[in-house]
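In order of appearance the chains are A, B, C, D, E and F, and numbering begins at 1 in each one.
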Amino acid sequence: MDFSQLSPAEASAMEQIVARKQMRDFTKLYSGLVERCFGSCVDDFTSRALTTREEECVDKCTMKFLKHSERVGARFQEENAKMMAQQQAK
Amino acid sequence: MDFSQLSPAEASAMEQIVARKQMRDFTKLYSGLVERCFGSCVDDFTSRALTTREEECVDKCTMKFLKHSERVGARFQEENAKMMAQQQAK
Amino acid sequence: MDFSQLSPAEASAMEQIVARKQMRDFTKLYSGLVERCFGSCVDDFTSRALTTREEECVDKCTMKFLKHSERVGARFQEENAKMMAQQQAK
Amino acid sequence: MVFGFGGGSSSGGSQMSMGGGSATSPQIEAATAELDMITDVFNRLVSSCHAKCISTRYLEPDLNKGESVCVDRCVSKFFAVNAKVGEKMQAIGQQAGGAQAGAGGGGSFF
Amino acid sequence: MVFGFGGGSSSGGSQMSMGGGSATSPQIEAATAELDMITDVFNRLVSSCHAKCISTRYLEPDLNKGESVCVDRCVSKFFAVNAKVGEKMQAIGQQAGGAQAGAGGGGSFF
Amino acid sequence: MVFGFGGGSSSGGSQMSMGGGSATSPQIEAATAELDMITDVFNRLVSSCHAKCISTRYLEPDLNKGESVCVDRCVSKFFAVNAKVGEKMQAIGQQAGGAQAGAGGGGSFF
């Protein structure tokens, strides 16, 4: 983000806010991922332990979600840059 | 809301809290609306641009949601007033 | 939670934070329960009042959810204790 | 009290004042908590009644007659469910001597 | 402004400065609000495009070709919907003289 | 550490203390962050196992035998998935030299 309009003290306060937010967001990403992969992969409640099939599904689900959100992040930045360029051209 | 039990200083602090909350709520309303109308209207990923049909759907979805939440808000206030009257009658 | 690494002043501040969070969580539990039981039990919009069947459903839905989350809470603590014991054994 | 739940709100209020709070007064905290609750309930109401009443085919930008009537009844029924759940939880709370029996969501494992 | 919505962001900014705030400056508040908005939008984008593009059979750990192409187009379309909703709300806001007509989510019942 | 995730929690802790914070100590912040995480996980656990185990026909107010057994196993399996996801992310984090590779949710676009 562009903090150029902030004073040095404000920019430093903002950095702390961003750091804390990233921590919170990471936590939510993590628990959201657990919820998502549990929901998609686990459906057999005849035992307490994960089956091999469930374990493999969770692994792939985790990897795929991370790659997905990485790709979305990259495209997001491109689209955002495009949008800002359009706004400044007006 | 009724802030009559608050001191003037508290009422002013409360106004700031309400203003900040309204801002946050508006933001969430906005992004929730984008998510909702995207989910209902967009299903064709053979191109990058919205089709005419998708655009029209998004317009109607946006308008309908706003009218819906306006109507819910009006009924909410009525029901709430009714409930308070009942509680005071006890 | 274990607050042994906190100073007395910090522990007291933490208690306030926990109390406030419990209040907020209770509120969310409550409204989430209303949303859930409304969603599962109410589908007839030919009148303004709940039917007897809907009322009974809401009662059972509420009781069942509370018993469910109580049981999940008990199992959660057991699994958590197990996990901590494993980590300390390493 | 704007949003008069069965008793969750007032019992919550007394619990809040326990918390104290350094910068903000208990009154402000209670008012903020109430505001948060109302907004939370309202948002769930909007989305619940949208799911029950609004067709997602989006043929027109306005609420049609059937949708409008459905929304009105939906709000009434949502309030009725809200009252019912509130009564139930209050009854349970009294049985349990005021403890939030099985409240989940945080209460049970600290 | 990093995330240039139709106008919701800037009108929000002016509303924010009304609030003032004791400990934090209006600049910090505006930046924090913007940060929250971007994160919120991004999270919804991730989950929307996951629902539209990613098969939940999880046959392999990587995005396959079809999924990758779908994700790229999905992000573009999501931005287009975002712009469309923004325009629409700005138009409504101007009609209503700047008031958040039927904004719901809190605006309408205080 | 009450809730011992693979390592997300402790690596997060060190990141937190970077933040500093004016009014609150790093210890308080870390404890608050942990509390938030536990609650978040618990809420998702409650709703995940409700979706998997509880019939929404609501024939009786108690958990029946089948539901009770299902809930117990569901919690075990949820913890197992939690551990698995934690290991996976730690492995990726180490590969990427500690960076939150593709963490999404905010990490990637600031």
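General observations
We adopt the following convention: contacts are C-beta pairs under 8 Å (C-beta built on N, C-alpha and C of every residue); 3 or more make two chains touch, one makes a residue touch a chain.
In UniProt terms, the chains line up like this: A, B, C, D, E, F = Mitochondrial import inner membrane translocase subunit.
Because the structure is predicted, anything quoted here is derived from the model rather than measured.
Relative to the C-alpha centre of chain B, the farthest chain centre belongs to F.
Distance between Cα centroids is largest for the pairing of chain A with D.
Comparing C-F with the candidates B-E, B-D or A-F, the pair whose contacts agree for more than half of the residue-numbered pairs is B-D.
Rounded to a whole number, the gap between the C-alpha centres of chain B and chain C is 26 angstrom. Put simply, the C-alpha centre of chain C and that of chain D have 14 angstrom between them.
Under the contact definition stated at the top, the residues of chain D that touch 2 or more other chains are 22, 36, 39, 42-43, 46, 53, 72, 76, 104-106, 109.
Across the assembly, chain B contributes 1, 13, 18, 21, 25, 28, 41, 59, 63, 67, 69, 72-73, 76, 80 as residues in contact with two or more other chains. Listing the residues of chain D that touch chain C in their complex gives 5, 8, 12, 15-16, 18-22, 29, 33, 36-37, 40-41, 44, 48, 51-53, 69-70, 72-74, 76-78, 80-82, 84-86, 88-89, 92, 100-110.
Within the complex formed with chain F, the chain A residues making contact are 1, 13, 16, 18-35, 37-39, 41-43, 45-50, 54-55, 58-59, 62-63, 66-67, 69-70, 72-74, 76-77, 80. Per the touch definition, chain B reaches chain D in the complex via residues 1-3, 5-7, 10, 13-14, 17-18, 21, 25, 28, 40-41, 57, 59-61, 63-65, 67-69, 71-73, 75-76, 79-80, 83-84, 87. Chain contact summary for the complex, chain D toward chain B: residues 1-4, 24-25, 27-28, 31-32, 34-36, 39, 42-43, 45-46, 49-50, 53-54, 56, 58-63, 67-68, 71-72, 75-76, 79, 83.
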